[in-house]
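There are two complexes below, and they share chain A, which is joined by chain B in the first and by chain C in the second.
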Partner chain A sequence: MNYEQLVQSVIGDTENSLRKFLPELILCATILLMLLTRLFAITRKILPPWLLATAGAGLAFFLAAPWVHLSGEVSTAREEIFTGMLVHDAFTIYFRAVLLFTTLLFIVLARISGLSDQENGPDFCTLVLGAALGMCLMAEANHLLIVFLAVEMASVPSYTLVGILKTNRKSSEASMKYAVYGAGAAGVMLYGTSLIAGITGSAHLPTIAWRLSEGIGTDYQLVLVLAGLMMMVGLAFKLSAVPFHFWCPDAFEGASAEVAGFLSVASKAAALALLVRLVIGFTSPPAAEPKRFEMKPAMVATASDAASNASTIPVVHTLEVKESDRQADRVAGMRTFLAWVIGVLAAITCTFGNLAAYGQTNIKRLLAYSTIAHAGYMMMPVAAGVAMMTANPVGASEAFAALLLYVLIYVFMNMGAFAIIAFIRNAIGSEEIADYAGMVRSSPGWVVCFSAILFSLVGLPPLAGFMGKLVIFAGLVDAGMYWLLFVGGINTAISLFYYLKVVRVMTFDPEPETRPPLRLRLASIPGLYVLVLTAPVILLIVQWNGLYRWAEAACKTVVGF
Partner chain B sequence: MFDLLTQPVGLTHYLIVGAVMFVAGAVCMATKRNALGVLMGIELVLNGANLNFVAFGSNFLERNPAYQLGLDGQIISLFVIVLAAAEAAVALAIVLNFYNNHSTVDVDRADELKG
Partner chain C sequence: MDNPTLWPLTALVFLPAAATLVLLLLPRDNHELIKRVSLFVTVIVFVATVIMALPGITGAAHFSLDADAVAEMQAVFQVSWIPSFNIEYFMGMDGISFPLLVLTAFIGMLAMGASWPITKHVKAYCVLFLLLETGMLGVFLALDFFLFYVFWEVMLLPMYFLIGVWGGPRREYAAIKFFLYTLLGSVLMLIAILMLYFNSDLRQLSDEQLVAAHVVPDQQSVAAWRSANPADGAAADVPRHTFNILALQQLGQTTDQFSNSVFTEGGKSIQWWAFVLLFIGFVIKVPSVPVHTWLPDAHVEAPTPISMILAGVLLKMGGYGIIRICYPICPEAAYDLAWVVCFIGVVSMVYGAFAALAQKDFKRMVAYSSVSHMGYVVLGLGVWSAVAPSFNADYWKMGMNGAMFQMIAHGISSAGMFFLVGVIYDRVHHRELDKFGGLFAKMPVYSGIAILIFFAGLGLPGLCGFIGEVLVVLSAWNFSMVLAIISAFVVILTAAYILWALQRVYLGPEYKGPHPEALTPITPREWSIAIPLCIFAIVLGVYPQSLFNYMSPSVDHTVDALVEWQQRQAPAALAEDDDVQRENADRDRVLRRDVESKSKGERQQPAPAQVRLGWNRASHDALPEPESRRAAVTQAGKG
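So, the complex of A and B:
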């Protein structure tokens, strides 16, 4: 390929990629616009940052359009964009939509609860959108450079968001702990990345998978295992999986409740998406060796050409079509290893989170441990999916779909719980569980909503959390991982007690005299917000099939059959 | 092991320097009680990884030219340098904020949140 052709194909590829990248571009544009509107007094007045941020996140969500792409009418074949840096498929669309939706909910919540109206409101909105951009990139990464960049882009604004309450002692301590742990974990992850990239001689995930399956670099098996574990350190930190969970309760207690909700939902969803991407990326070699970008036939940016080009893009395939048994053995070995690592990590994380939640007196700390436990539940289907990829790709895709469904349900449950905590904090200035005593007498509607969310977090029928747990456990049965199913079942039973404790305090205990009066009505803006988030938790049982179909559609192209 | 000392400088030598930097950084992160010291340890870890990327990406050091990282390695290291600077700026601002509230940068004194 000569120079001119190369330039032409880069231009064509970029034009094609930018169209698929539109929601993220909108986020970038909104961030720039927010910085510009701060320059003049008049623009500050007519375009407040929360309005811009809501509009930007809303427009990005609208353009992400999961209802169009996941309905099956539009083709969502796997396509590599930006010369193979990112990947665009149904999985990308699903996670991008979930993340943007969470961001939108969060910005609205911060506006209603007054967090984004303080003097640093513009910075706050900029940071939120920056973090959302990084999280979207985490879900689309196809190259080790993007993996690291996206993790950092999501983390660095999060550190600052935790410390946004500048004069608060707890907040500053929480953000320092989060930043120091986070930067350390990212450093270790980068070292692991450098070893994997060096041994296989590539940073492009499909190329790495191809070379590993060909046995290139497998002489250094020990180094590969070590590098894989180092990358797991970075991921486990983002997932708040044991033993890298220390930051989570501290950061959540110190941060304001709204930010804690955002971190527990969006950051975790993005980390799970990245985990699935990496695990599948390393263990599903493409059918043929991926070509370097400059070796590919020249590409002109027309829709028909993009379609024909899709044939040259490597299709991840299953083991039936593979010719070499040794290749299959290597891939199966890697899959078994990863399934065990993730499964054991999930079991430990889940058990630890639930046990540590017992003695908590601060509601945010309790929910932080509940988040750790849920990270464990949500890693279980990943382990099951990887374990099944060799023998039962349909089952594997269903296991991953279970994760996707749970992530969506988790958005409503946790954002709802943290929103209620934030509004109660605004009313009484306390986040201690003891101060919630007797709430049912003065604000019964809120207690019903909060209890519904807590029961849903336990996974009691007929709430949404029950459906989520049911499909996850069904995936474990398919994979034959009965030990993990057992751990999950026991943990669900354990978690019942500490969630019930909160409900008991709210309903049965007498009102403490030290507490200022608490009258929360449902017919107010905060009340409506809480109702909007609680309604899906209660009603999703009626209409969860549609969402599950989306989740299934999102996973088909990932496992690739 | 000792033939490394008599051989011409190759990939292995660079990797050893990178590994030493990584270990030094990790030890620094684990043992320093001053928040700034911990941040320096993180810089060392990042730069150890960076050295690996540059060495793996070099055309003159790779054993098998068909499977070399090439320019990717050097571009990644450039990105990491920029990111490390951004991360250090944010972390320093957060440490300064901690100092304003607690009048110390000792990480052991950050013990109000626990349980």
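So, the complex of A and C:
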């Protein structure tokens, strides 16, 4: 292949890729536009950053159009874009839509609660969109380089967002802790990435999977396991899974409630998407050896660089007998290993989060531990899905679909909870649970909404959280992982304690004398915002088949059966 | 699918919930109006159930006493709800659930009437009360496991707040204890539900069974259903799971889908685990020793009307779950564990009675009497006395009928007892048994009613409590004489604590506690709640057949189905033995093989024809059992 041909095919690929990448492009454009509008006083006035950010995120969400792509009318076959760096399939579409929707909710919330009106409003909006862009990339990554870049791109703005309250010492401290911890985790993850790339000679996920299934790593099993665990460190940090959760309560306590809500939902959703991408990516080799981008069939002969040499190392030739069986064995072994690692991590995370939440007196810390516990719940279906991929691909895709449904429900629950905390903070200037005492007497509507959200987090029917728990537990039963199911079940009962504590304080306890009067009405803009987020939590029981179908559609292409 | 009963039953269940929206619009300070509207709603619900019960009225949703319908599921409707998980909006009623439905509506109405003394946050109280009623009605009508579970859990939250906000001094402790116990039970139940769901496969059922389980509306649509869910070809190993309780019963009784072992190779079967998990969940609600400890706290701290609901309705859900779900779906496990079930029942009876004897608080004594009385229910359900070779199910039927009767009777008497305790508590604000006395002189009408209701609870012949107790004790004799003797002995204990309490509270020369001036005769509102309970206590005691007419065909049907299952297990083994005997005449080997085949849990698949035969016989056989029951009843009348 000559240079010209290469350029031609790259151009063709890029044009096609850009079309699939439109929502992210809109985000990029909005960021640029926001930076430009800051330059002039007139544009600052006409186009305030929150308006631009809302419009940008809204447009991106509209273009992401899950209602078109996931309904089955448009084909959403798996397609690698940007020369195999990213992947575009139904899974991408689902997570992109969830992430953009969360971003939209967050920007609106920040506007209503006044967070983005401060002098650093433009910075704030830029950071949010930047983080959203990184998170979208996390959900689309198909290459270890992109994995690392996306994680960093999502993390760095998050560090700053946590410290956005400039005069607040706690906020700065939280930001510092988050950044230091994040940097450490990223370093470990990068090391793991380099080990894997070094062993397999590629950073392209399907190629890695193919080579691993060919047995390229059999001589370096220990190194491979180490590399896998190191990558898990980075992911566990983003997921705030035990034992890499220490930053989470501190960061949430220091950050403003709105930011904490955004991080707890969007950042976690993106990390879960990446977890699924990597876990499936490493353990499901494509049917045939993936071709390097420029190696179109007619031009194979001319390709000769280090990577293609690596692909023809002798291993392939020595393993001719029953190669497919051995491949399947190796893949199954990796899957079992990953299922156990993720399952144990999920069980520990879930139990620890729920136990630690019990002693908290600050509502944000309490919810921080709650998000840790929920990270555990949400890792459970991943473990179940991986465990089932060999024997029962349909069940595996249903398990992943359970995760997707839970993530969507979680958006409403956690954004709702943090929004309520933010509005109450605006009213009374406190985030201590004790100061919520007796709220029911002055603001009954809000207490009903908050209680519904908290009980939904427990997973009580008929609230939305129950549907999430049900599908996750269903996946575990299908996979036969009863031990994890019992852990999840017992944890549900434990978690009741601390959620109920908040409800009890709000409804049973007398109002404290030291607190300024608290009258929140539902018929106000914050009230409507809370209602909009609570309504799906309460009403989803009526019909959730459609959402589950979307989640199912999103997972079919990933598992690929 | 044509569902004539869809809207009537939906309206019945969700009317209270819909009425809460109306309540929200009413002015917050007009307590009287809010209470009246709520009472009106509960009255409508009760009247609707009564109309459904009346013979001679035909319409979309009514309970038919015709011979060919009375034992079956009636007024069934189903609508596909969540097709991804085969979840259906599926309701119906039979002789087991319908009396409990009427009881729920009845107690709900009386409890709302008893709510007039509530003056704190009346609007919130009424809203929660009506939501609770929707949950209770739904549990008894739901035939889809998912729907059942949702209704089951929907009751939790209102109950928690009703105890926690309007309760007594230790209300928060009692409320959270209630909540935690029930939640733990229901989480176990959820696990069992999912286990059953993922191991079920509807395609193995015969055409008749599919129709009987309402998977398809009629014989004509079976073929269409089969082609939509093919059992061969490419989709052969894609099972068709189900949450349909009736279908799960069929699967549990006629296939071996729930007989595989889980957790470990060769370990206990799926149905064994499902039974244990479900049974724990239900028995927490009943409640039986050792998971009963939430009940005395919840009862004592709850306000009077909520205590009535708790004792009158919520406890019955445990028993209902056992008879509707545990036994029919997991017969093998139920048979293996019959002793455990009976033992738990008897321990509850004895423990509850002794504990009641020791109480100083009037309400706590009544609460422990509930533990004791519900022990009869568990015992009556558990006496699986139909064994080889005769498979005589008469005594087990007697036990189950007794248990069901006991549930209704206890619903009336214990709700009455809690109400009557509440009446004096409202006046003198204490409940210490030792600080009463001489109420007969000051409140003669009230004392007369109270003595009647307490005697009904005691099980005095001629009142409702007697029938259930005597049937259960009699049936237990055939299962185990020891258990029967112990349970008969409990009757003496019951008499002891109730008579002693009556003596200390109502008799004696003078009232010894505080606020003697407050002991005024009961008001018309109060007696209008107490009198219906008294009437039911007497009617059911004198003419129990009025209830058995509705109830026992379905109960017998359930028992017959289980005995059918049991017979299929045993003859299979026997027939096998005969063959071998003829061939080898080697007795030892036969026995060994028999034991082996039992321990392996090998189950024979019955031919559809055999099943059909079984169902028919169940409904047409004239069984000797009614005579024995009638004899008992006549005795009761004479006594």
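Just so it is clear, the second predicted complex is superposed on the first by the 534 of 561 C-alpha atoms of A that agree within 3 Å, B and C clash if a C-alpha of one lies under 4 Å from a C-alpha of the other, contacts with A are read in each partner's own complex, and residues count from 1 in each chain.
Following the convention adopted for this analysis, a contact is a pair of C-beta atoms (placed from the backbone, for glycine too) under 8 Å apart; a residue touches a chain by one contact, two chains touch by 3 or more.
Just so you know, these numbers come straight off a predicted model, no measurement behind them.
Measured by the number of chain A residues touched, the leading partner among chain B and chain C is B. Once the two complexes are overlaid on the shared chain, A:Tyr482 sits against chain C while remaining clear of chain B.
Of the two partner chains, chain C is the only one touched by A:Pro462; chain B is not.
By the touch criterion stated above, A:Tyr220 is placed in contact with neither chain B nor chain C.
Of the two partner chains placed around the shared chain by superposition, chain B is the only one that A:Leu145 touches, whereas chain C remains out of contact.
Shared-chain residue A:Trp340: touches no atom of chain B or chain C. Of the two partner chains, chain B is the only one touched by A:Val188; chain C is not. By the touch criterion defined above, A:Ala474 lies against chain C but remains apart from chain B after alignment on the C-alpha atoms of chain A. For chain A in complex with chain B, the residues that touch the partner chain are 144-145, 148-149, 152, 156, 159-160, 163, 166-170, 172-177, 179-180, 183-184, 186-188, 190-191, 193-195, 197-198, 200-203, 211, 216-217, 249-250, 253-254, 359-360, 362, 365. Here chain A touches chain C in the complex through residues 394, 444, 455, 460-462, 466, 470-471, 473-474, 477-478, 480, 482, 485-486, 489-490, 492-493, 496-497, 500, 504, 507-508, 541, 543-545, 548-549, 552, going by the rule given at the top. Within the complex formed with chain A, the residues of chain C that make contact are 81-85, 124, 146, 149-150, 153-154, 156-157, 160-161, 164-165, 171-172, 176, 179-180, 183-184, 187-188, 190-191, 194-195, 197-198, 238, 262-263. Chain B meets chain A in the complex at residues 15, 18, 22, 25-26, 29, 35, 38-39, 41-42, 45-46, 48-50, 52-53, 55-56, 62, 64, 66-69, 72-73, 75-76, 79-80, 83, 86-87, 90-91, 93-95, 97-98, 100-102, 107, 110, 112-115.
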